[in-house]
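Structures are listed in the sections that come next.
Two complexes are shown next, each including chain A; its partner changes from chain B in the first to chain C in the second.
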Partner chain A sequence: MSIGIKDLPEENLFTAGHTACAGCGAAIVVRNIMKVLGENTVIYTPANCLLVFGATYPHIAWKVPYHHVAFENTAACATGMKRALNTLGKEDTTVVGFAGDGGTADIGMQALSAAAERNEDIIYVMYDNEAYMNTGIQRSGSTPYGAWTTTTPAGKVIKGKELFKKDVAQIILAHNVPYVATASVGYPQDMLKKVEKAKNMKGFRFLQIYSSCPTGWRHPTDITVEIANKAVESGMWTLFEAVDGRMEITHRPKERIPVQDYLKLQGRFRHMSEEQIRILQNWVDKKWDRDSRLEKALKMLDESTD
Partner chain B sequence: MFEVRFHGRGGQGAVMAAQALASAAFSEGNYAVAFPYFGAERRGAPVLAFTRVDSKKIYRKTQVYEPDFVVVLDDSLLEMVDVTEGLKDGGVVVVNTRKKPEELALGENIKVATVDATGVALEVLGQPITNSSILGAFAKATGAVSMDAIEKGIMDIFGNKIGMKIAEKNCRAAKAAYDRTISADGRPREKEFEKKPKWLPDVKELPIGGAGVKMETNAGMIGPGSFLENKTGGWRTFMPIVENDKCVACQLCWYFCPEGCITMVPYDNNRFKKGIAIDLDYCKGCGICAHECPTHAIEMKR
Partner chain C sequence: MKRVVTGNYAAAFAAMRARVNVVAAFPITPQTFIVEHISEFVNDGIMDCEFIRVESEHSAMSATVSASATGARAFTATASQGLALMHEILFTASGMRLPIVMPVVNRTLAAPIGIWAEMNDVMPERDAGWILAFVEDNQEVHDMVLQAYRIAEDNRVLLPMMVNLDAFILSHTVEPVDLMEPEDADRFLPSYKPEHAYLDPERPMGVGIFTPPEYIQEERYQTHAAMEGSKQVIKEVNDEFAKMFGRDYGGLVEEYRMDDAEVALLTLGTVTSTAREVVDNLRAEGKKVGLVKVRFLRPYPTDEIRSVASRVKAIGIYDRAISYGVGGPAYIEARSALYGHTDIPISNYLAGIGGRDVMLSDIEFMFNDLLKNAESGKVRKELVWINTRGVEQ
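Let's turn to the complex of A and B:
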């Protein structure tokens, strides 16, 4: 039996009193992941919301050792920490880097790719709130098409981001690492299972976790989870995992809802024209089709090499 | 020269107020600058903004440490922040509160003015956004700028950002607040804030590896888990009310609460049943628990 909500301990290794905005999805994700990982864990966070709301001198919400160096080197620092622990004979300690989407899809990509190539024995968690939130909502490579941010404003000529979301999980999958998965704040069972699986494996493990952000996405604080559910039900977010490259979609919506049902809950998409919504729907349909084909192909590839 | 420090919470529009005040002073022929405190402020967390006004060009680029005037947009801050820190003797502090100036203990050699800016904003704007009303109170209490100038400032800054119609409404709110501002007569009360211990260790005083060392200081806890000292319950506008009769102990709210301030507890009326308890010291009132509860056992109330 895999882990479920009711198996989680009562104690928080990421405590209350932290200063995330009310309704922050990332806070939910991190708090619960720590319940699975347990005390024998050390954490690295680069510059991002989590760094600030989880530790601002003199206060710290982490109850496990925790480290911060710079924005671009999550994977490199986690690597160093893991190797140092190994040297000290503490091989069983889990080392986790928690980075945002800006710190992963953009500025952290180089160190991340290198650590994946070397198959370092670390867990890398990308909590994806689809923009640089800590510095006031700038677009990242992970910001979806059409979204308003302060650097992709919605005006008469340009209406939000004109480029599409970068698929980071697939990039890491192409590195042939032991474990790659996507998860979401809205699917507890699915996320806990994946974190537990990652914890019990060796080598490079990567999780990209959908983390709604009421402040940056302009949505009421109480629908953080509902939005995450609609993201998956509409196909905007695919939940999958890949053990040794064998990709499997872990939650298939019975019938995908129109992407419009997802967009209309959030201020960041409010300006979108029908044409833009059509373009985004088309992108989602293609992505879903591609993800489904990839799943089949990667399974087949595996059988043929056995 | 006069310098103003605004205290607000992230999302209350302290920066816009500071800008509108600068614009107001500019319209009266002064030089003026406005700027926020640089930091990573989250919604609801205490923030600062500053305005500096002079008849000459302004070369001072620092934050304002010794203000002539202080503006407080939210009276729940009075317990957490030393709002009159550095306020010059004879300086004025303008507070958005329902209380009378005499009820506030903010210091002896200063003047206190209060206004129910939230009440005004609810009446005039239909929303509890107080960054315009408080400027009317500022004009009245300090006399540093005229009410006419405040209106110009609001039309300039608010008009640009949110449109002329809404800016006009905000002018009306400022005027109403101007009329309702009360200044203290009688001796201001001794400051109570200073009686609380201040934060002590500075980075140099911490032991090496200080972030990993749990330590009790006379100002409180530091090290792992010490954020527990930061009671975030003050951020809340809506409060979750629980009916444990309806709770089925699914633990969804317990899982989804971003603060982790919900615990599963034996339910009093029925010892064999579990219910939830919410630690209001930390609950920020996001409403996720109420929204996710499958049996509607939680309701958000004002």
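Let's turn to the complex of A and C:
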């Protein structure tokens, strides 16, 4: 029996009073995930929006122990916390790192890969808002093709990001860790199920969660869910999970909608030419094909090899 | 139990005796043996700790900081490039007031790349808020790692501490060391029970919160005050250790044959041993020379150095690193402490950089130069490059 939205406790462990922008996807993700993780949890955040909007001295929205050290070391710090708890007789406490896409795909990748290789007993949540939002919307390795950011501006000659989004979940999957999943703020039931599953497992667990940012993506705050749905329906975001490497797509669009339907809702893509949209559509088609083939190949991994 | 061991072994052994809960470390010459010895202790089942084999020194310091912030006694060790890679997180350790202990095997920081003794790795970290101890022999390595936890964890201090030892001269050289018995270590060093910072779901606390201008300046003042206050604790711990184990290091500085000395040389690290011999030789010739072993650069022994200056006619400072465009860092520190407190000549001697041997004759030169300064009342040369090709010394 997995947890449903209506089973969630009233009480917030990430409380109202935080200072996130209206419609912030990350804040919604964190608040809901915390209800599943429960009180016996300690949290690490690197430098990112969540660091600032979750606690600014002397105020703090966290009702559980909370820790920050720097930007690039989420996995190393979470490791130190978990190992310390083991020596203090608190082996059952869950250690969770909430890092952004910049803190994960870019500057934090080295420590992340090492902790995954060591199969540290921690949960690493990458909330993916597809840019460095805290420092004012700069591109990251996780920013999609074509997107405007302040370091990939829509200039007269070059318009938006010229490179494609890095697939972090697949990188972590290649580390052979117990659990890897993607989720989305627009699919809370799916997200909570995955968090619950991760919580009840041991070893290194990784979730990459689509977390829209109205401020950085330039969209109205009341269409967060619609955008998140279109990301999945277009194939821009694949919802999957992999338990012990067995990859399964957890929501398969009946018929993928054109990527243009996703792009047109957000100001960050407004400048894109038809040619750019064609290039991105081509990338999505390929990515979707690859994810489907990967699923086919990995879903039925021989159990006798366990 | 007396055994003939390297400085690295002495450091690793003392960490085991300190019953550290968490070790996170990464190998680098000449510190590597510390990591390897701890690996052996753990795999042989004689050291009970969580040992995190991290992928870099940045992660080593990060994991150590977070383990300490969670409430565990944490240990790491490094050298040179590794210390530089930790730089960012060193400030977190002190800012969070975490009593981490870290031996640093002082080695050249590139370029040119080299692996031998030089203090240009630790000197740039003087502002990081760590207590900085410098040791002379392997016994002192062992003893200072244990004393370091007592000093660092004292409620009046709560600061991280580096124990600096010279590359190869100590790290890879064997000497007889009295290795502490577990019962003795436990008597000297109780377990760590933090009240100021820990991560426990039964009493939630934020450690490392984003902080606006209204509060940071007070934090800085408190950390500075704690560093000042550590002077008293360093002395107390030294005295208690001396009473329990019979080895007295003198606290912040150790004076050698300073009673009627006319000149004093201030040393850091292993050069002290060589200088002791030179002092004995020159004393036999009737020259009134004395030696001050500076054991700590942070907190700086300001009162002790002023007292030395008030008793001699010239003072010299030995350095194994250069701050380009000024002089040796230990010299800069001493001059700053002495400003307005003395008119005597002060000179700086740079030697042994990049691991070059510092010979008896080199130190003899320093003392003779100091005697000349004492006689003339003037500084012959402020910055003296000893035994340096193409430079007159």
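Keep this in mind: the second predicted complex is superposed on the first by the 300 of 306 C-alpha atoms of A that agree within 3 Å, B and C clash if a C-alpha of one lies under 4 Å from a C-alpha of the other, contacts with A are read in each partner's own complex, and residues count from 1 in each chain.
To be clear about the criterion, a residue touches a chain if its C-beta (ideal position, glycine included) is under 8 Å from a C-beta of that chain, and two chains touch if they have at least 3 such contacts.
The shown structure was predicted, so the numbers you read here are calculated from the model rather than taken from an experiment.
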{"item": "Chain B versus chain C as contact partner of A:Asn32, first or second or both or neither", "value": "first"}
{"item": "First, second, both or neither for A:Leu298, with chain B first and chain C second", "value": "neither"}
{"item": "Touched partner set for A:Ala55, first chain B, second chain C, both or neither", "value": "both"}
{"item": "Partner chain(s) touched by A:Leu85 [first = chain B, second = chain C, both, neither]", "value": "second"}
{"item": "Touching partner for A:Val64 - first (chain B), second (chain C), both, neither", "value": "both"}
{"item": "Touching partner for A:Gln110 - first (chain B), second (chain C), both, neither", "value": "second"}
{"item": "Touched partner set for A:Ile171, first chain B, second chain C, both or neither", "value": "neither"}
{"item": "Partner chain in contact with A:Gly23 - chain B first, chain C second, else both or neither", "value": "first"}
{"item": "Contact residues common to both interfaces of chain A (with chain B and with chain C)", "value": "52, 55, 57-58, 60, 62-66"}
{"item": "Residues of chain A that touch chain C when the two form their complex", "value": "39-42, 44, 51-52, 55-58, 60, 62-70, 72-73, 75-81, 83-88, 90, 93, 110-111, 113-114, 117-118"}
{"item": "Residue ranges of chain B touching chain A (in the complex, touch as defined)", "value": "10, 40, 42-45, 199, 201, 203, 211-212, 222-232, 235-236, 250-252, 254-261, 263-264, 279, 281-282, 284-288, 290-292, 300"}
{"item": "Chain A partner contacts - residues on chain C that touch it in the complex", "value": "21-22, 24, 49-50, 52-56, 58-60, 62-72, 74, 88-89, 92, 199-201, 204-212, 215"}
{"item": "In the complex, chain A residues that touch chain B", "value": "5-6, 8, 10, 12, 14-25, 27-28, 31-32, 49, 52-55, 57-66, 134-135, 188, 214-215, 220-226"}
